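Structures for review follow.
Shared between the two complexes below is subunit A, which has subunit B as its partner in the first and subunit C in the second.
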Partner chain A sequence: MSFGLSRRRGVCLFIVVVLASIVAYWASISSAALDHAGEATGWILFTVCLFLLLFNVRKRMPAFPVIRAHYWLQAHLYLGLFAGIVFFTHTEWRLPTGLLDWALWLVFVIVFVSGVVGIVLTRIVPSRLNAHGERVIFERIPAFRAQLASEVEALVLRSVREAASSTIAELYAKQLLPFLSGPRNFRAHALSVTGHRRNLQREFDAVRRYLAPEGNALLDEIEERVLAKDDLDFQYTWQSLIKGWLMLHLPLSCAMIPLLAVHILINYAFSLGAL
Partner chain B sequence: MAGEALTSYSKIPRPTRWDRAFGNAEMSDDDIALIMQQPFFDQIGEATFPAQMLLEDILRHDSRIVRYAQGDVIIRHGDYGNSLFAVIEGSVRVLLENSGDVRRRRPGQGRRWARAFGSLLQSRSRVENRDLTRYEIQTNRDGARRSTYTKIRDLDSIVAKSKTVELGQGEIFGEIAALTRQARSADVVADTDVSVLEIRWQGIRDIRRFAKPVRDQLNNRYRELTLANTLAREPLFSGLSEEALAAITQQSLIETYGEEDWYLRLQKVELSNRLGQEPPIVSVGHQLDDVIYVLSGFGRVTEPVEQGERTIGYVRAGEVHGLRELQDDHSGDGTGLRQTSLRAIGTVNVLRIPSSLVEQYILPGMSRNRSSTQLKARPGEDSQRRLDFIVDGRYMNGTATMLIDLTRCTGCDDCVRACASTHDNNPRFIRHGNSEADLMITNACMHCVDPVCLIGCPTGAISRIEETRTVAINDAACIGCQTCANSCPYSNIRMVEIRDESGQPVLDTDTNQPIIKATKCDLCFDTPGGPACERACPHDALVRMDMQDSVSLLKWIER
Partner chain C sequence: MRLQLFGHRDSRYERPTVNWCCGGSDQCSLGPDASGGCRAGPMCHPVRVDGIFKCARSGVSGGPCGQGPGPRGECGCVVPTCIPQPTLRAKRGRLSRWAALVALAVVLIALSVGSREHWLAGPLSSAHQEIGECSQCHVDANASASVWLHQAMSPTDPEAASKSCLSCHDRGGEALAMAPHNQPPAVLQKWRDQTQALAGDGAEPSEFRLASAVFGTATAGSESGVACATCHQEHRGGDDFTAMSDAGCQSCHTVKFDRFPDGHPDFGNFPYRKRQNIAFNHASHIDLHFAKSDEAMRPENCTNCHAADSAGMGMLLTGYEGTCAACHDGDIRKGPTSGPPGGPFLAVPGLDLDTLAAEGVAIGYWPDSFYEGIPPIMRALLSVGYMDVTKLALLKDVDLLDLSSASPDVLDAVATLAWATKAMMADMLQSGVLSDAGTMRATFGSKLTPAEISRLGGSVPRDVLASAADAWFGCLLYSEVAAHQDGNPPATLTLDDHVDGKSPVCAGGEAIALTADDAKPDEETVPSGLDALAGNVLGGSIMGDAAASANEGGGDILGGSIMGDAAASANEGGGDILGGSIMGDAAASANEGGGDILGGLANGGDATTSEATISDSASDEPAIIVPDPVDPAEWAQHGGWYRTAEAVYYRPVEHADGFMRAWLDFAGVAYGTTEGRGLGEAIFDAMGQTTSLGRCAKCHSGTEQADGSVTRNWHSTVLDTAARTVTQFRHAPHLTIAGDKGCNLCHTVAKGEAMMTSYKSFDAKGFVPGFEAMTKDTCATCHAGTEAGSECQHCHNYHVGTFSTVSRMGRLMTGTGREPEK
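Right after this comes the complex of A and B.
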C-alpha cells in the first residue's frame, strides 16, 4: 500500500471535503443568523461516531455475510476524516470550557490523531517488515530470539573449546549477552536509525584481528545470528507499533460514546431550562 | 502426568477404522449374502483377502444399501463423490448430456445461520472442546436410509429429449470419480424404484488391492469410460462427427506419467531440483507426431535455455500441449519439431492424439487463438520467479489457496481472529508460509483439485463435500492416524490433542496417551458468509484464490 492518490481515493477525498465544507459553511451562516447550528452539527457528529464504532462490531461478526472488512475500513477512514472536520466546526475551532467538554475534546482529538497515526502505520509497516528479514509471526518472536541466543551461546562455547580463545567469550559476555537477552533498540528501529547495527558490526571487526582463521569462521557464524536477532528486533518493534496503536484508539473510541451521550443530555437539559 | 492425576481425565477407546459404519449402521448378514450374489462380486475370491481384512468385513463396514424411489437423483454432474455404486435391484439412468435438469441445491442454510449466531455468543476464552458422545462406537442397526438431494418429476420427458443410458442389476457406476478424485461426469437418476449398493472408496481401494479380477475390470472401465467421456464432453472435441470421435477413440493412447505417491516425497526434494525429478511427456526437438491432452494432473511446459530448462507455463486437466505448434506446422510456419517440452508434475494422465487425426478433424474447425498454456511467464524476472515459485511448489493444485499480499499485510491478525471466532476459538491455519517477493502462500488448506490427503484415509473421514466441493474432515470419523497430515505435500493439516467439555485432554482408555484428531481449514463451509479470513482482512491483503483461474490470479498479483 502507499500514500499515492489513486482516482478512487481522490474522488472519495473530494466528496468528503465537499460535504464537510458544506456543513462548515452552513454552520457559519446559521451561527451568524443566531440559529442552532451547534445542535445540527452535534447530531451529525454523534451519528457518524456511532457508525465509526460499528466497524469494531463488524470485526466481531466474521461468520456473517456482512460487507467485507476492507470496505468497512475505507468507509471508516473517510467518515473519520469527515467527523474530524465536523468536530472542529462544532467546537467553532476553539478550546472547550468546563471539565466534561475538555474530557470530550481530548478524547476525540486523541482518537482522531491515533486514527491518522494508524493510517500512516498501515501504509508504511508492510514495506518495512518486508525489507528486514523474514516476516515472523509476532507471538513467535520470543521463541526465535531464544533460539538465536542459544545458538550463539553454543558457538561461543565452541570457540573456547576448539579455538582455545577467550576473545569471543569476552565479546559475548560484555556486548552480545545483554543484546540477545531481550528486545533491544526499540526507539532506533522505530526511527529507522541503524547506528546500533553499525556499532555491533564494529565490535565484531575490532576482535577479528586477534583470532585465528577457525576463530574468525566461528565469529562469522555468531555475527550472522546477531544480525538476525537485530532483524527480529526490527520486526518486534514495528509489529508492536501496529498492534499497540489500536490499544489506544479502540478503548478511547468506546469511551467517547458515553461521554457524547452525557454531553448531549447536559446540553438539552440546559437549553430546556433556558426555554 | 502423574498416574493418579490421570483419573480425572476423560477417557475413550482409541478410535479405529471400523468403529463407525459407512451407513447409519453396519450391514446385516442377509445384506452381505445378497451383495455376494451380485454379478460384480461373485467373481471375487475370498481367499485372496488377508484374515484381518476379509471381503465380508470390508463390505459390512465400508458399504451400505441405499433405496431410491423413481426419479431420485443418485449422482449429480459436477459433484465430487467418494463412492462406487452397484445396482442390486431395479435400474438407473445415466443422463449423458448435462441439461441442467438436475439442479444444485445448497442444503443446511438454517444450520449455517445457527452456527453463525452461536459464534457471537461463545466466550472468547473458551477452549475448543469435543462432545465425547459423538465418538461412541456404532453397533446397532436402525435400518435408516439416505435421503436424496432432489427428485426429478418429469424423468420421461428428459429421457425422450436427451441421450441417456440405462444400467440394470449388477452394473456399476461412479467408479471413475471415486478412484480419480475428479468431479462426477454425469447425472444418474433412479429409473425405477431401485436398491443400490454404495461402497466408499476406502473399501473399493482395498477390494482392488486384494482382488485381481476387480482391479482389471475397474482399470479397463476407467480407460474406456474416461476416454469416451472426455471426447464427448470437452470443448476441443465438440462438434466432431461420431466417425471422427470413433477414430480418435480408437487411435489415441491413454498414458500415465509420474509416481502415484509423489506427494510423500515432495518436501524432501529441493525446490531447485524438482524440475529434474519430473519425467518428460514430450521433449523439445522431437518430431511433432502427436498432441497431448491432459486428462488429469498438471504438466510443466519448458523451453531450453543453455544447459537447463526454463518454465514458461503449465497445463492442467482439459488443456492441450502441442496444438499451437501443430497449427503453425499445418500452416507452413513450423519446423515439424517440438519447440517446448512437457513434464509431468506429480501424476498425470494424458491422451496422446496422433497429429494426423488432429489435422484431419480438429484443426479445420479451430481458431488460431487457442492457447496451450494458461499461465505463462511474461517478460521480466519477477514474473519468471513467480511462475517458478508456483509450479515448483505445486501451488497450482489449489482451488482456494490463501494468498497474502505482503505489500498490504500489516500482520494485524484479523484473519486469524476471524478464523478462530468461526471455529471454536481455534484457528485452522497459520498466517505463515513460503513466499516469493511480495506473495505469500500460507499454511492453509488449498482444497486441491487433486486432494492427495484423501488417498490414505482409512475411514473416509476426510472427503470432498459434494455440495461445496470443500475438502473437509469429519471429526467423528477421524481416528487420528495422521495419514492425511503426512500425505499433504503442503503441510496444511495439523494433528491436535482433543479436549473434553471441561477443557481437559481426552486420553486413550488403554494407554493413557492423548487422543488426537486431524484439523484444517474447512473454508467455513458451514457458515453463511463463506471464508471468514478473506472477508475479515481490512487491508484487502488476503484472498482465497482458485489457482486454475490464471486471469484472476494475475489480475490480483498485478493490481
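Right after this comes the complex of A and C.
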C-alpha cells in the first residue's frame, strides 16, 4: 500500500468517524433539549442506506457512468461504516424488542457485518491470491480444473502403456481421481492449512521409489498438475469467499427495504407523538 | 505451469454481466445464450474453398482442427450439449429478488393477519401488561394499512395522543395533566424562583448550551405542555418505562448542572419547608423535660419515638400512647386554667330580665340561674336554624345582664335568643341533637357526614338534656314554645322574683303556661297569681310545691311519682318524701328556705344546701340519709357529661376525644366562612388555646387553608404515600449508615423556643424550623457517583401531586358473567 493511498484512507476514515461522532453526540444531547433524535437519525440512516443501494444500481448501468465505479465503491465503503455508527445511535445502543424491529436490526447488522467482512476480504485476499499459485479468473476455474483432470488422466494412461506398470494408475484411482473431480479442501485453504498438500506430496514420494525413470518422469508431470489443481482449489476457495459475502450482503440489503418501509410507516402512524 | 492465457487469440473474453455459463465440464467456447439455452453443436461451419470443405474453427477455440470437416461439409468437432448454469452474479441477483419478495410477503401477510400487534411492536412495559388490544391506545390499530398510511402522513398531535394515556391515568385533571410537573404556572414560577435563589454561580454545562443552540429551548413550558410520550417510551418491555436521563430532566430547568455534588442547588430549608403538625420542641424536651423525667419515661434515641413507615420513606411517630401519654395524658382531662373544668355545651344565658320586662320584650319564663354569656358551642347549635347568625353576632359584645341601654335591635336579638334557646332545647328533647343536619350544612357550607354530626352532638344522653330543661324551664318549655310559635308569646317572667325561687309548676302532666295575663307585671299581684297557680298545681302529679302545699294544706302534695316535696312530707310527717326520682325540691321545705337537697344527684340542681337528714324531724320514721352533695364536675373527673344549675358541660374522656375533635374541626370550617368566622373564633378561644379545655391545641396546631378555613392537624406530619412530592427520601436504607451521630447526622436540633412561636397562629408558612438547615454535602458524601446513585430520579419525581389509581374498572357483573338488569 502506497503512502498516498494509506493517507487517503486515513483521512476518509477520520472524516467518517468525525461525522458519525457528531451525529452520535448530537443524538445524545437531544435529550438535553427534551427532544428525540430518533426521527432525525432514522432519516439520516434511511438516506444513507438508499445511497448505499444506489451503488448496486450504478454497477448495473455501465452505459451511464455517473462518476467512476471506483469512487462509488469508496463512497459505499465509508458511508457503510458511517451508517453502521448511525444505526447504533438510532437504536440507542440497545437491543430491539418487537419482532419487526428484531428482524430489521438483524438484517441491518448482518448486512453491516458482511460489508465489513467484504472490506477486509477485498483488502487481504488479492495479495494472498497473488502469492499462491497462478491467479485465474473465477469463472474459468471449472474449465481449468477439467483441463488438469483430463491431462492427468492422459498421463496415467500413458504410464500404463509406456511403463507397463499399474503403480501410477493405482495411485490415480485411489488418490488422484477423487481429488481432481471437483474443488477440494475448501476449509483447509480458507484456514491456510497446507497439510493436505504435504500428504499428496508424500503419496507421490512413496510411489516414486517403485517406478522406473520413465515412470518417474511421468509422475513428475502428474504431480505438477495435481499441485496446480491444489492451487486452483486455493484460488477457488478465496475467490468464493470474496464473491460469497455478497450473497449475504446484497440479498439482505434488498430484504431490508420492505422492512424499512413498514418500520417508518408504523412509527409515524403510531408514535403517539414521540419518534 | 501456466493455465490461463490472455489475448484475443488465446482466451475468450469473460463478460462479468452474463447470467449463464456453460454447464459442461469442458466449458465450451460457445457458451449459453442470453436466455440460458445451450448453444453446443458443431464448433464451426466449414467453408467450401475450391470445392473442398475446410475447417473454420476460430483461433480462440483452437483454430482449424486436424480432423477437418466431413465430405458433406459437416463439422467433425461437435461439442456435446449441456445444461447451462446461472452465473454467481445471476444467482446473487435471484437471491436478492427473492429476499426482497419474501420480506415484502412476510410483511404484508403479517399486516393482514389479526394478531399483528404481537410482532409489529415490542412488548409493553410491565406496568402495561394488562393492556391486551393495541386499539386501547392506538385508535387506528385495527384499521387497514391504507388508514395507517394516512395516519402516518397526517401531522402528529402529541396532546391528542396523550389523551389515550389520560383515559386511564389521573394526572391532576385535564388542566394540569400535561403541565410540567402537573403544576400550575404559579407553582412552577415559585419553584423556579426558589431554585434560582439557591443555585450557585456555576456556568451552564456546554451540553445544555449546545442542545439549546441546536434544538432550541425545551418546549415543556409552552402552552401545549409535555406530552406523555416525550418521556415515556413504550414498547420496550421491562420496568424502565419511567426512566429518564438527567439531561432530559434538566432540559426545562433554568438551573442546569453536571453532577449532584457539583452544581445541584443548595437544599435551602429542605426538608423543613412545612411547619410540623405537632407543636413539639425537640430542644426543650431533650434539654429540659427529659432530663427531669423518670428514666423509664425518657427516650434513649430518636427511634424510641420515630419509626420508618412501611414504605421506608418517612419516619413516623410511633403514636401518642407510646410517646407522649406517659407525661401528657393528665393534661387532656384538665379543664381550662380558669372556670369550670368542663366545656359548656348548653346553658341558660343570663339576661337582664327586668329591662326586658320593662321594655315589654316577651320571652316567657326565664330562670334565675344563669350562665354568663353564650357558650360558643351553643352559639353554633343556635345558628342551625334557630337564630340568624347576624343576630347572634349582634349579641357578641353585649352584656346580656345589663340591657338598660340596649337598642331595640339588641333587645329583639335577645328575645330571639331566648326563644331560640327554648325551641332548640324542645327540639333536642324531641328529635335529638343536631337532627337537622341539612340546615347545618347549608349554614356553614360544610360537608358534614352523619358520623361527624354525631360526634358534634357528643352522644349527649337525653336524660342530661331533659333534666336540664326541667330544671331551667320545667314543663313550660313546650307550651311556651308552642305559644311563641302561635304568635302569642308569654311575657317575661321569673319565679325567682315572685315565688321564692321555685321552679315553674305543672299540673296533671300538662304544662301550665305562664302567660302575660298570669304573670302580672305588678310586683304585688304576681305572688297571688302564682299562689293561685300553685294552688292549682298542687294536686298534680308532677310537682308539688312544698311550701305552698304545706301552707295551704291542700291537695296530695306527693301524690305524684315524679316529684315529691320533701319538706312538705317532712312537715306533715307523711308521704314518700323522695317518691319522685327525678327532682325533689326538698330542702326548701325541709329547711324552710334551703336549697335543693338532691339537685346534685338527680337533676343537677343547686346542691349547695347543707346536708339534711330528714329523719331528724320525724323520729318515728326510718332514717333517710341524704348523701353529701356532689360536685358534678368532680363527679365527671374521668370525662363525660355533667350538668350544673346553669349549663351542661363536657369533659374530654381521652386523647383524640371525638367531641373535642369534632368541634375544633367544625370551628375550623366555620372560621373559613364569612358568617361563621366569629363563631369559629369563639370556639377556638374556648377550646383551641394551649391552656383551654383538653389542651388539644397545645400540641395539635391549626393551619389556615386557602379558603380561609382552619384545619386542625390531628396527626403528626406523615408522608402521604399517595402523594408524589418533588423530592422523595427513603429513611430506611439510611438508618444503618448514620453512624454514631445517628439521625443527628442530618437532623441537628435547633436550640431555643423560636420554633414554638409560629404555632401561635394558623399561618403555617412563616415558621422557624426546629432543626438546623441540612446541607447537600452530607448527601454528596455517598451520592457522588454511580455507587449510591446520583441521578435526578434517585431523589426527585416528575409527576407531583396526588393522583388516583389507574381507573380501568370493569362493570358490575352477575355470577353468570352478565351485567345486572337495570
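Quick notes
In this section, the second predicted complex is superposed on the first by the 262 of 275 C-alpha atoms of A that agree within 3 Å, B and C clash if a C-alpha of one lies under 4 Å from a C-alpha of the other, contacts with A are read in each partner's own complex, and residues count from 1 in each chain.
In this section, a contact is a pair of C-beta atoms (placed from the backbone, for glycine too) under 8 Å apart; a residue touches a chain by one contact, two chains touch by 3 or more.
Everything numeric here is computed off the predicted structure, so don't read it as measured data.
Once chain A of one complex is fitted onto chain A of the other, the partner contacts of A:I119 are absent, as it touches neither subunit B nor subunit C.
Once the two complexes are laid over each other on the shared chain, residue contacts for A:I137 go to subunit B and to subunit C alike.
Once chain A of one complex is fitted onto chain A of the other, the partner contacts of A:L129 are limited to subunit B, with no touch recorded for subunit C. By the touch criterion stated above, A:P96 is placed in contact with subunit C alone, subunit B being left untouched.
When the two structures are aligned on the shared chain, A:W72 is found in touch with subunit B, with no touch to subunit C. When both complexes are overlaid on chain A, the residue A:E224 reaches subunit C alone and has no touch with subunit B.
Of the two partner chains, subunit C is the only one touched by A:L250; subunit B is not. The wider contact with subunit A, measured as residues touched, comes from C rather than the other of subunit B and subunit C. With both structures placed on the common chain, the touch criterion links A:M61 to subunit B but leaves subunit C unconnected. Residues 62, 135, 137-138, 243, 246 of subunit A lie at the contact with subunit B in one complex and at the contact with subunit C in the other.
Residues of subunit A touching subunit B in their complex: 1, 59-66, 68-70, 72-73, 121-122, 125-127, 129-130, 135, 137-138, 239, 242-243, 246.
Those residues of subunit B that touch subunit A in the complex are listed here as 115-116, 119-120, 406-414, 417-419, 421-422, 430-432, 435, 438, 440, 524, 527-530, 532, 534-541.
The residues of subunit A lying in touch with subunit C in their complex are 26, 29-36, 62, 96-101, 134-140, 142-144, 146-148, 150, 224-225, 228, 232, 243, 246-247, 250-259, 261-262, 264-266, 268-275. By the touch criterion stated above, subunit C contacts subunit A in their complex at residues 1-4, 14, 17, 21, 25-27, 87-88, 91-92, 95-100, 102-104, 107, 110-111, 118-123, 134, 137-138, 140-141, 145, 148-149, 151-153, 156-159, 161-162, 164, 207-208, 210-212, 214-220, 226-230, 232-237, 245, 247-248, 250-252.
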